[in-house]
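This is the structure, below, for whatever I ask next.
Chain naming follows the written order as A, B, C, D, E and F, and within any one chain the residues start at number 1.
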Amino acid sequence: MRMTWQSSMNPLRAAGWLAVAGVLVFVDSAWAEEAASTLDTGDTAWILMSSAVVLLMTPALALFYAGMARSKNVLGTMMHSFFLMGLISVQWAVIGYTMAFGSDVGSFVGGFDYAFLAGVGGEPNPDLAETIPHSAFMAFQMMFAIITTALISGGFAERMRFSAFVIFSLLWATLVYAPVCHWVWGGGWIGSMGALDFAGGTVVHINSGVAALACAIVIGPRLGYPKEPMVPHNLTLTVIGAGLLWFGWFGFNAGSALASDGAAANAFVATHLAAATATLTWCLAEYVARGKASVLGAASGAVAGLVAITPGAGFVGPMSAIAIGAVVGPLCYYAVGLKQTLGYDDSLDAFGVHGVGGTWGALATGIFASAAVGGTDGLLYGNPGQMWPQVVSIVATASYSFAMTFAILKIVDALVGLRVADQDEITGLDLSQHGEVGYNL
Amino acid sequence: MRMTWQSSMNPLRAAGWLAVAGVLVFVDSAWAEEAASTLDTGDTAWILMSSAVVLLMTPALALFYAGMARSKNVLGTMMHSFFLMGLISVQWAVIGYTMAFGSDVGSFVGGFDYAFLAGVGGEPNPDLAETIPHSAFMAFQMMFAIITTALISGGFAERMRFSAFVIFSLLWATLVYAPVCHWVWGGGWIGSMGALDFAGGTVVHINSGVAALACAIVIGPRLGYPKEPMVPHNLTLTVIGAGLLWFGWFGFNAGSALASDGAAANAFVATHLAAATATLTWCLAEYVARGKASVLGAASGAVAGLVAITPGAGFVGPMSAIAIGAVVGPLCYYAVGLKQTLGYDDSLDAFGVHGVGGTWGALATGIFASAAVGGTDGLLYGNPGQMWPQVVSIVATASYSFAMTFAILKIVDALVGLRVADQDEITGLDLSQHGEVGYNL
Amino acid sequence: MRMTWQSSMNPLRAAGWLAVAGVLVFVDSAWAEEAASTLDTGDTAWILMSSAVVLLMTPALALFYAGMARSKNVLGTMMHSFFLMGLISVQWAVIGYTMAFGSDVGSFVGGFDYAFLAGVGGEPNPDLAETIPHSAFMAFQMMFAIITTALISGGFAERMRFSAFVIFSLLWATLVYAPVCHWVWGGGWIGSMGALDFAGGTVVHINSGVAALACAIVIGPRLGYPKEPMVPHNLTLTVIGAGLLWFGWFGFNAGSALASDGAAANAFVATHLAAATATLTWCLAEYVARGKASVLGAASGAVAGLVAITPGAGFVGPMSAIAIGAVVGPLCYYAVGLKQTLGYDDSLDAFGVHGVGGTWGALATGIFASAAVGGTDGLLYGNPGQMWPQVVSIVATASYSFAMTFAILKIVDALVGLRVADQDEITGLDLSQHGEVGYNL
Amino acid sequence: MKKVDAIIKPFKLDEVKESLSAIGIQGITVTEVKGFGRQKGHTELYRGAEYVVDFLPKVKLEIIVKDDLVASVVAAIEKSAKTGRIGDGKIFVQTIDEVVRIRTSERGDQAI
Amino acid sequence: MKKVDAIIKPFKLDEVKESLSAIGIQGITVTEVKGFGRQKGHTELYRGAEYVVDFLPKVKLEIIVKDDLVASVVAAIEKSAKTGRIGDGKIFVQTIDEVVRIRTSERGDQAI
Amino acid sequence: MKKVDAIIKPFKLDEVKESLSAIGIQGITVTEVKGFGRQKGHTELYRGAEYVVDFLPKVKLEIIVKDDLVASVVAAIEKSAKTGRIGDGKIFVQTIDEVVRIRTSERGDQAI
């Protein structure tokens, strides 16, 4: 090995950035108008900390996924999550947030009122959350946009060109995530029709899971799949990731109460019990099918349970949460096997877990919702009508996500090519895309 | 390597789960009665976040322990913690919580009022915690039940049959943890006699540490122990684990104030200083004995300090915390050597650290408690009488835990056999019990 | 391999500790005086949790750094962070806190009022923070002292004698960190002259970065540097570390609001956006210079962004944060190359990232500060005068840190020798300094 | 008896193993090695510093065979390991004096 | 001079090393290898997908000895590595032309 | 043709590789091994328990060369790998019957 260094500092580039900065400062000035505050410090503490732990879910996902990839792709797989903490955050500040939560345009998308975060400051915005700073609400939602986009990478892991990944992610977050988020939470048509989605069964999981399926289909299977064995290279990373995901999900779901109250506590409990139960039932399914429960199964079950309870966390009681978790374990265990039957390569099971688990969760919310918990009754509490908006929201999200993802992929493929060269795939993404290797032990 | 997939989805099984779900929903309905709220959002935020970080301690323990195991048992060792996030959570919701905190029955155990979490909702239960949702209190306590049971695995690591582990853990959490928790915190006889245990010196550490000793004795040493070297396979995992444990312990101890106030802050400081000091003094003991301080020593010292301060965190001042930590470092350093003298194989030193450190902590609470901090004076502040309930609580917990653990192990051994076959032990738990391997680097 | 155990328990040593404890308890008694409380539970929850996540940054730094070291130094590098959680915490409780925040002595250092934490209890100290316990404020600040000292180790990694490291760290925290902290935040001359440093651009980053430069120069390059390749041994650790650092930085910066309010939320958003943008622009700089963006680059960019926004987090708006992050990515990318041009071995780029990034951040705070956000306008908002205190604070901190670090190093070298023997450096710190190895896979 | 050593590209291992199985070979010992040869290495970049790595991952197979099988073993490896691109690797043949099967203490051709 | 190669089960390494030390062997070079042989492999399961792994972990010892020690070295390994169960491994003996001790530049038997 | 095996200290690898390149060697295969020899091991300490580790990390080089190059290859390794301290390692020379380049099917000296 030899080492060299080429210095090519360009002062003009720095100057350019400063010029851009000048313009942006102008935007920041708009942002200072204040209203009478109804801010609650406890609620604010809870949402800020929830935002932080939801941010942590993205590196956690990097670990969870990277552990299942092969050694030569460990960094490339991590990059699919980590880089989006950069990309989607800026996208969200510039355009994503306002497209999701700006004033409603045709029930489909938000207007540009909050572009560049104009007007998103330290005072509460009572339309969105009464007792916490508007900027805290925006930050909390930002973390959702990041991880949703990152989840998709499970479908195209170990073979996508990095430049294609960057463009795809930017387009997807803008054209798919932001509108769907608006439909459900930003004042759009799905929320208006009464569909229940507490923390993102449709917006996050069905949306990303179905997108991952489209990716797996369009980009095609990994070289050698399914003949060559492609086994997880370091399950300790996957376990760390799963542990941190579980932790972060408390912020994700219980933080979605947007207050530090009984509703948050109930969502917290429901979240935990569904994850716990699905951990058990995925292991049980493995045991029944093969005679052995595995650690990867336990970690997968935990994530499946967390996915499934996401839409219902604030609407169902603890025993219902256990029921929801109990079903999703075996359901996803069998769903991840579908790819081998049907022939697509959803490499890290983003569709199998998030698409399928999210769909069950959205249905289950309609089944188990209880007015005593979250204000609305579901099927089991005598309100079968709740199933209709749930089904509509599932079908609409899945269709829109699939079609748009498909179209975006085709565009990106035409622009830069979706897939790395065969030789680069054999070498691995770490070296071919990023010029580095994961381990020199 | 060849890959196959056998699909064996069983629709009846799913239907069965739904039937069970129906019944459980009935229970959830009971859960909606509400009282006038005295909920404080700041306290609630603190306890919810504390619950989340205490949950994180269990994956942290998985890492801490797994790093010290051999490579072939890395996943099996992690499973001993991770799986319990599933098992004990459900057990707690169904029966554990009510046995610990239900209305007192004979000072020994709680009644069934909260079975299936009936009546455990978003409103405070003033008997348990006035300003936070009852469900938040329940969740916080749940995390303690999980990690206490997980701690025991240090005593039987690298050789227990997985099925035996599952049954053992379920019985132990029900027959040992729940009652002892009731004795101390749920209105039982130890709490009533005035023993001080702020966050679990007896309930958590003596209880699990002594159980681990019983396990080590009953199950016998690992094949080849102590002749063959059994060195930690990946201390980076242990350091990550120790870091996360330290982090989580703030929730554990300062969260035990059940409010976000000066008492919590003082417990936070005491916790941190004891951990810090024990980190130093364990290293110092190593340096004195062998001339070198080690990273494993620093991590072990930190955990020992955290264990020792657990019962006193809310009762002692910061300088007393330093004294408590200063003693426990060398104490546990020498205690972990006992197993070689006495011949049992407490593989990951669960007894050496938690049993011994917890005992010192319970005594030290009686010594250093100061009324100015937590309302009760100890020996050094002129109240030698406080030593009596401390000693009784130690002896009672240790005796009960040892005897019951012993009995449970004998039953489990008769049922399924405690120990894996020799050949499986040589192969490692990962492959023999779980059909997977940790690393393919 | 053979295993032995030498028992050498010394009861006198334990007795000695107890004697010391007795004295300390006396100090704890002083600590109970109480004032009328203005404590806010939400603010307290936020600061306690922020303290916990800032503590977590130190193990995170251990991972971040250790991943970049060579395999034979993985534990030694971790120890440079982990051990300081012990050492600096105790130092802070005994003497550091009072030197930083005790009553001002000549604008240079704090008096001994809070030595041994006398008077630092559960009630707020309105001079420091009105709505949170004094002990919470002290704990929050303690975490800063720890990580600042740990950051320096990037400059002397892989070659310092452990005993030298311990003495150096103790002296540095006492003679450099505590006074500089007092100058800026404790009532000293830099704060008084109106320099803005929200969360530690000077106190933490310039201070530690410049100290690291002095260390790199005084201790000299690693054997074989730069001829031999010294590549990161496990970038998965570095990514985990970066993820946890990002997470912890929310506590660091938004916690520095010392309340759970709009200011905290704005600092949170600024922090996140700067990190995000620098992640992108470091990758962009790599792409422009070499054609490939890397995961190490993304992680480094994130940290550089977090460093740069630290002093301004509470003073600048979100678009300014983006501008600050945009500049620091390429800036630090080129700065880390300087060492090869100039010939010093800042092994893990503590100066290149923290020194350079912190300096840019301190300047940028003077440029982008906006009265609408944090009460003070900067250059771009028509107040060029703000640049003066910023420049003075940079120059003063850097000069003091460099000179004092240099002097301390010379003293430590004379006392025990700074550097390990060549043979020990070839063997690695893990085995030579700590008697253990990182991996037995 | 002969020992055939083959240095091949790692991703060819399964294919080579199968082609050897196909001609009746029942024992192979495999080692992960690093190869330096005509095939040029790659460049790694860490924080702007560039490292040229000359050693590439390869896999070494050792196969003990009776003398009369050498030609077909070599042919099988040649065929299955070849990609035609530089770095495909080498085969070396050596003479072995004695073979022992530990389990049965068999010696010579029986022991293979 | 001869080179004795032994492929053994990993958990037997310490025992074999000790039995070799006992007969005066002062140098051994050890490599972690993967073995394919009559001993059947195991199955791994990841999210329901089943992988059959044919390569098992083994350890290879290389020992250079003077000609007159070959028999006792082989015997020592045979004895200490044997479990009697399939997969115990093999011993191969080869002729070595020259040995050099790098430190002293000694050659031949002296250099071993 | 001959095979030269050299067991050296790991930190000497780059130097040895360069000295071999300098005399025109174009192919080397490298394996990480553990060596047991006269050089004494080290002690590791875990929670007070002490383990004596006898196996030290070493690197093994295998180089196939034409007969007339053996002497210069051995000399080059000796020179560049020597520190003069115990544990510098050994060089072994063996005879090779045949060499094949997989890519081209060349045999013998051409294939090296």
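The criterion applied here is as follows: a contact is a pair of C-beta atoms (placed from the backbone, for glycine too) under 8 Å apart; a residue touches a chain by one contact, two chains touch by 3 or more.
Computed from a prediction, not measured in an experiment: that's the story for all the values here.
The chains other than subunit B, grouped by which ones touch each other, come out as one piece.
Minimum number of contact steps separating subunit A from subunit D: 1.
Taking each chain's centre as the mean of its C-alpha atoms, subunit B lies 45 Å from subunit E. Chain geometry summary: the mean Cα position of subunit C and that of subunit D are 51 Å apart. Between the CA-based centres of subunit A and subunit B the separation comes to 32 Å, rounded to the whole angstrom.
Residues of subunit F found to touch two or more other chains are 14, 31, 44-46, 48-51, 53-54, 94-95.
Each of the following residues of subunit B touches two or more other chains: 1-3, 5-6, 40-43, 45-46, 49, 53, 228-229, 231-232, 234, 240, 260, 289-290, 292, 294, 296, 334, 337, 340, 435-437, 439, 441. Going by the touch rule set out above, the chain pairs that meet are A-B, A-C, A-D, A-E, B-C, B-E, B-F, C-D, C-F, D-E, D-F, E-F. Partner subunit A is touched in their complex by these residues of subunit D: 11, 14, 42-46, 48-54.
Those residues of subunit C lying in contact with subunit A across their complex are 40-43, 45-46, 49, 53, 70-71, 226-229, 231-236, 239-240, 242-244, 246-247, 250-251, 254, 259-266, 268-269, 272-273, 275-281, 283, 289-290, 292-296, 298-299, 301-302, 316-320, 322-324, 326-327, 330-331, 334, 337, 340-341, 368, 370, 372-373, 380-381, 439, 441.
Subunit F makes touch with subunit D in their complex at residues 3, 17, 26-31, 64, 94-103, 105, 111.
Against subunit E, the residues of subunit B that register as touching in their complex are 1-6, 228, 426-427, 431, 435-437. Those residues of subunit B that touch subunit F in the complex are listed here as 68, 229, 231-232, 286, 289-290, 292, 294, 296-297, 300, 333-334, 336-337, 340, 349.
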